[in-house]
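Paired with chain B in one complex and with chain C in the other, chain A is shared by the two complexes that follow.
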Partner chain A sequence: MSLFLAVIIVLLAGGLFALAAGKLPRIATLLGAGSAVLACGAGLVPVLRVLIRNRPESFRLPWDVPFGSFAIEIDALSAFFLLPILVLSGLAAVHGAEYLLAYRDRKNLGAPWFFYNLLIVSMLLVVVARNAVLFLVAWEVMSLAAFFLLTFEHEKGDVRRAGWTYLVATHMGAAFLLLMFVILGQKAGSFDFDDFGRAAGAISGVASMLFVCAVIGFGTKAGFMPMHVSLLPEAHPAAPSHVSAVMSGAMIKTGIYGLLRVLSFLGAPPAWWGWLLIGIGVFSGVMGILFALAQRDLKRMLAYSSIENVGIITLSLGLGLLGLSHGWPIVAALGLGGGLLHVINHSMFKGLLFLAAGTVQRSSGTLQMDLLGGLLKRIPATGLAFLVAAVAICGLPPLNGFVSEFLVYVGAYKATTTYAAETAVPGLAVIAGLALIGGLAAACFTKAFGTVFLGEPRSEQARLASAPGLAMVLPLVLLMIACLFLGLFGPLMARMVQPVIADITHLPAETVGTNMAVATQGLSSVVIVSLGFLLLVLLLAMARARLLAGRSIGQASTWYCGYAKPTARMQYTGSSFAQPLTHLFGAFLRTRVHLDRPAGLFPKEARLVTETPDVFAENVYRPAFEGTGWVLSKLRWFQHGRVQMYVLYIAATLLVLLVWKLG
Partner chain B sequence: MNIWLDTLIVLVVLSNLKLLGSSRLVPCIRIVAVQGVVMGLLPFFAGQETITLRMVIVAAVSIGLKGFAFPWLLLRALRGADMRREVEPFVGYGMSLLVGVIALAAAMWMGKRLPLPGVHVSSLLVPAALFTMMVGLFLIVSRKKALTQVLGYLAIENGIYAIGMVLAQEQPLLIEMGILLDAFVAVFVMGITLFRISREFDNIDTEQMATLKD
Partner chain C sequence: MLAPLLLGVINKTKAFFGGRKGQPFLQLYYDLNKLLRKGAVYSHTTSWIFRAGPVVWLAAAAVAMLLVPLGGSAAPMSFAGDLVLLAYLLGLMRFFVVLAAMDTGSALEGMGASREVQFSALAEPALLLALAALARQTGQLSLTDIYGAMSFDVLLKTGPAMILVAGALLIVFLAENARVPVDDPDTHLELTMIHEVLALDTSGPDFAFILYGSALKLWILGALLVGVLLPIRTGWLWADIGISLAGMVLLAVATGVIESTMARLRLLRVPQLLGAASALAILALILVFR
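Coming up: the complex of A and B.
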């Protein structure tokens, strides 16, 4: 535990020193990124120790804040969430060091590193806090640090707007959390998590209300579909890419963590909680990936894909809760296990994808997919890493995305084969939803990879793309290896998650183990086949090299065949690739099309512009906020700038209170 | 019943009424200065048998600041702003006097009902203190010139001083000094601000500052 505290101190000190050295960009970067890497590396030690020994470590310090105490504990659940936070934050810091240095002439680099380290510290504290006050403080610091990070390029108007949207939405979510913790604290008579756990009897009366508060509050952070505006799709694309990676890969997982932690206080879940989560999950997953498909900005697309993956996690957790409430330990274990593993897997490949997007942006200067192309030849390592992550995110073997989705599939099949309507129907919904999400994800990432990395460059800036430095590529390669490793060692990962499930469900560890084994056996054979497949690919590649050796190899531009004068504009664009699907789901997407048709016998100009604004932001939140703004603007006369009137308000209030009290 | 104390208190009340009814700024500054001196003298007539060194120090500092330092600062600021009269206040002078009388009645009513310790000194002291505070607030609300508002602030401060005397006759020296220092810094800052405002807007009319709102 002392090592963990040292990690926090190193992060804070590194951030403060970087802030002080803001005028010297290289030193600030060295201090900020160096301390982040060092601390995240050291932080893995206590985390792995807890995961392996399965014995919680705790620390408690008295604190003067009312109802507060500095109580922290790393148990299996915390350690499981700490793992992706630490790994991703450390690797993203390396990437960010080079990314941010490009701004050294224009911007003070002390502040972004200070807030980056603060963001890591607050995420760590959120996950280990065992007191509601400490948790909320850490939660708030996390939101604010992320706000300052994502408004790094605050001179741009849309970045500022994204920042405000994020700030407002995240605080609306936090309001629900405050409400939930106040009720919990009132029922339990204390604000320590330990007492929440013991007060299950007192809580059970309001458990459903608390659950709904938790779903709204934590869902806003995690990005459940109707509440997703806070981080996606506005905020994540606006941030520097290493920050987007940490926010999308790690920070939104604190929402999932919070939900699981609160669930552990609420006792046995009724079935409708599972239904609700499955509904939210399927909805977020399908809508998220549909919107991702319709985007043209690479990072915006990735942000929507994060909604999709949070949807997958949520529906898995819902399946787990359903299994728990109906007393099917196998469904519970596989649902929760799949959801938890997807948390780690998603942070690996989504972190990788965001970092790769950062590399693309740095080397070619744009993220508009329809301006890119042919980047695989110019930045091959980034392209390969992106490809691997794209395969992983589609849930294909032998990569890690497959492992988690496989567990959920098996769990859902087991739920279906119970032949009881109340479990079979949601089981089928999960299978159908997952399959639809997976198919759309494959289309979406084929589009992204194909448009950005294959073919010919669609613009001058893509043609001139230069290779990034080692610091930007190294984290990508490491994350790519992690994706492959987690995929091949899936059965091992499934074993690692067992104590966490036992913690949440209060099921005996052996029950969880035997039930998980059902899926891991299947997984093992998939791994063997996958290894054979990889071997085959390797053999074929060797054969190809052998055959080509000593022969002359001609290189031509892609799609060169048969054209006298091919131009890059003859290629499929990303939008045209996605058009059949976006057309099919047009009712949900509401894509706006502005079309100037070619006219006359010798048409000269024609134009086609499509944009897909967020349905909820456009039709739900914007009217709601405009309405609120209208109502509040009626109170503007109250604020007229006259000092005298302001003092009069105060004086009148005081007098009235005094007279009322004395009268 | 202490005839001297009551005389001083009546003096305070009268000075408040004069403050409400006067439009010229220089006399207003003088009145507030006199009020400050009277307040500084109050403790010596508040029924204590012995006069301690502490009382003398506090009174001396208080009289020095309120009676001499503040008026000097404010007169200097006034000279810089080239302003002699409060013109067109929000509430006219006759009306202000009327409000003052109502406030006096209200202060009397409240003074009777406020459950304060140490009222035995004089039944007039608490109402007078409340009245002074109300007049100060009213000055801030009803006048346009920034200088008059500083005077209002000083009147409030005088009222608080009087209440403090009733409430805790044995306040630590340090706290009283702290309060005085607070007031001093405030007036100092206000003097500078007055100067700045007059330079920026060509007068010290706070109406103009409404243009600063967003």
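Coming up: the complex of A and C.
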């Protein structure tokens, strides 16, 4: 535990020193990124120790805050969420060092490193906090640090707007959390998580209300649709790419963590909690990937795809809750297990994709997919890493995405095949939802990889793209290896997750293990098939090389029905690629089309612009925000900057309080 | 090994309907043999993805074959949830061949790729739901067990449900293998092709890989369909396998008949057809749930 505290101190000290050295960009970067890498590496030691030994470690310090105590503990659930936070934050810091140095002439680099380290510290504290006050303070620091990071380029208007949207939305979520913890604290008589756990009897009466508060409050951070405005459509793409990677890969997972932690206090769940989460999950997943498909900006696309993946996690957890409430241990173990594994898997490939997007932006200067093309030849390592992550995020074997989705599928098939019809319907929703999401994700990521990395460059910027430095590529390669490794060691991962499920469900770990056995045996066979597949690819590639050796290999231009001079502008663009699907689901997406038709016998100019703004942001949140703003503007006479009047307000308030107290 | 023969049967049937003599049954074997002995031509635009596409396509198809049972005999690999792996291996094949097509930078291949991902995104739920209906009926979670538990009695008892499942699987079979009414394998206009256009720039051994992989895919999805419609169990392994093989030939003839007597659907209508496949699968599930 002392090592973990040292990690926090190193991070804070590194951040502060970087802030002080802000005028010297290289030193600030070295201090900030160096301390982050060092601390994240060291932090893995206690985390792995807890995961392997399965014995919680805790630390307690009295704290002078009402109801507060500095109580922290790493149990299996905490350790499981610490793992992706530490790995991703450390690797993203390496990437960010090179990314941020490009701004050294224009910006003070001390502040972004200070807030980056603060963000890591607050995420760590959120996950280990065992006191509601400490949790909420860490939660708030995390939100604020993220706000300052994503407004790094605050001179741009849309970045500022994104920052404000994020700040408002994230606090709406925090309000629900405050409410939830106040109720919990009142029922349990204390704000320590241990007491929440013991007060199950007192809590059970209001459990459903607490659950709804948790879903709204944590869902805002995790990005459940339609509470996703804090993430999207603006916030994550606006940040520097290493920060987007940490926010999308690690920070939104604290929302999932919070939900699971609270569930562990609430006792046995009724079935409708499972239904609710499955509903939210399928809705977020399908809508998220549809919006991702319609985007033209690479990072916006990735941010929407995060909503899709959170949807997959949520529907898995919903399946698990359903299993718990109906007493189907196998379904419960597989649903929760699949959801938890997807948390780690998603941090790996989504972190990789955001970092790769940063590399693309650095080397070509744009993120508009329809301006890019042919980058695989210019930045080959980044392209390979992006490809691996794209295959993984579509849940295709032999990579890690398949492992988690496999567990959920088996759980859902188990639910559908074994139990009574009424209760099996959610299982079907899970199967159909996952299958549709999988197919659409394949469309989305073939579009992204195909338009950005394949074919001919579509603009001068893409043609002149330059290779990035080692610091930007190395984290990508490491994360790529992690994706492959986690895929091939799926059964091991499934075993690692068992104590975590035991923590949430209060079942013994062995019971969970026996219930998961049906899928872990399947996973071992999947590994054999995967290895066979990789071997066969190798053999076929060798056979092909052998067949072609010594034969004539021609080079020609691409076949265009005999037309010999194709140009890059004749290529299919990403938007055209996605058009059939976005058209098919047009009723949900409400894409706006601005079309200037070609006219006359010799048409000269024609133009087609499509954009897909966020339906919820446009139709629900903006009117709501504007309405609130209008109502509040009526109160403006109340506050006009005259100090005398403010003194009068204070005096009046004191008088009222005095009268109330006396009377 | 026998998979390319199915295409021979389909083409022979179509030739019969067209009043022609038609190509020999073994034509695809001759084609493969010829292609494997040829050199190759690559576009300047392409990268290593274009060369990797056919390899992954064939490797994934071959591995997927390991999971498919035939005629009540066990597949070489069988475990709970292998049906998911099968569906996702087909997804992996598609992913790489679509990327290889986009690698050429051609608008024609981009168009084909775009249609391919659209139709397969809709076919995937239909396939997995149809298999869920079978899994529910037999109470099993692996393909070998599901198809092993199928029998003529089951078919008689749950006739309507199984016919609906077969309908859904037939649509998926036709769509995924690029047959009429979704796609026309005989077309000679690049703009109207879906599957063929993806391999427009592929040549030599690469094209042989693509052709053989396609034949395997036809076999895989065909075997899933025949297993539902012809669950005749005589007790002798070889007889069962023989019946299933005969079923595969019958399916190939039926495909030829469908292709000869139907026109291709308009592209905008295809999603409705695939939606209908999912609807059939869900109806079957409702029947099975009773």
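We adopt the following convention: the second predicted complex is superposed on the first by the 612 of 663 C-alpha atoms of A that agree within 3 Å, B and C clash if a C-alpha of one lies under 4 Å from a C-alpha of the other, contacts with A are read in each partner's own complex, and residues count from 1 in each chain.
Just so it is clear, a contact is a pair of C-beta atoms (placed from the backbone, for glycine too) under 8 Å apart; a residue touches a chain by one contact, two chains touch by 3 or more.
Every value quoted in this text rests on a predicted model; they were computed, and no experiment measured them.
*Asks:* In the superposed arrangement, which partner chain does A:624 touch: chain B (first), chain C (second), both, or neither?
*Replies:* After superposition on chain A, A:624 lies in contact with neither partner.
*Asks:* Looking at the overlay, does A:640 come into contact with chain B only (first), chain C only (second), both, or neither?
*Replies:* A:640 sits against chain B, while chain C stays out of touch.
*Asks:* Output check: A:656 vs chain B and chain C. Expected answer is one of first, second, both, neither. What do you get?
*Replies:* neither
*Asks:* Which one hits more chain A residues, chain B or chain C?
*Replies:* After superposition, C is the partner touching more of chain A.
*Asks:* Considering only the touch criterion stated at the top, classify A:579 as touching first (chain B), second (chain C), both, or neither.
*Replies:* A:579: touches chain C, not chain B.
*Asks:* Thinking of the overlay built on chain A, is A:432 touched by chain B (first), by chain C (second), by both, or by neither?
*Replies:* second
*Asks:* Considering only touches as defined above, state whether A:593 meets chain B (first), chain C (second), both or neither.
*Replies:* Neither: A:593 stays clear of chain B and chain C.
*Asks:* Is A:45 contacted by the first partner chain B, the second partner chain C, both or neither?
*Replies:* A:45 sits against neither chain B nor chain C.
*Asks:* On the A-aligned overlay, A:555 touches which partner chain: chain B = first, chain C = second, or both, or neither?
*Replies:* second
*Asks:* Take the contacts of chain A with chain B and those with chain C, and give the residues found in both.
*Replies:* none
*Asks:* Inside the complex, what are the residues of chain C that reach chain A?
*Replies:* So the residues of chain C touching chain A come out as 36, 38-45, 47-49, 51-52, 54-56, 58-60, 62-63, 66-67, 77, 79-85, 87-89, 91-92, 94-95, 98-99, 102-111, 113-115, 117-118, 120-125, 127-129, 132, 135-136, 139-141, 190, 200-201, 204-206, 209, 267, 271, 278, 282, 285, 289-290.
*Asks:* Residues of chain A touching chain B in their complex?
*Replies:* Counting only chain A, the residues touching chain B are 639-645, 647-648, 651, 655, 658-659, 662-663.
*Asks:* Which chain B residues qualify as touching chain A in the complex?
*Replies:* 90, 106, 110, 113-114, 134, 137-138, 140-144, 149, 206-207, 209-213
*Asks:* Show which residues of chain A lie in contact with chain C when the two form their complex.
*Replies:* 373-374, 376-377, 387, 391, 394-397, 402, 405-406, 409-410, 413-414, 416-418, 421, 424, 428, 431-432, 435-436, 438-440, 442-443, 446-447, 449-451, 454-456, 518-519, 521-522, 525-526, 528-529, 532-533, 536-537, 540-541, 543-544, 547-548, 551-561, 566, 568, 570-572, 576-581, 584
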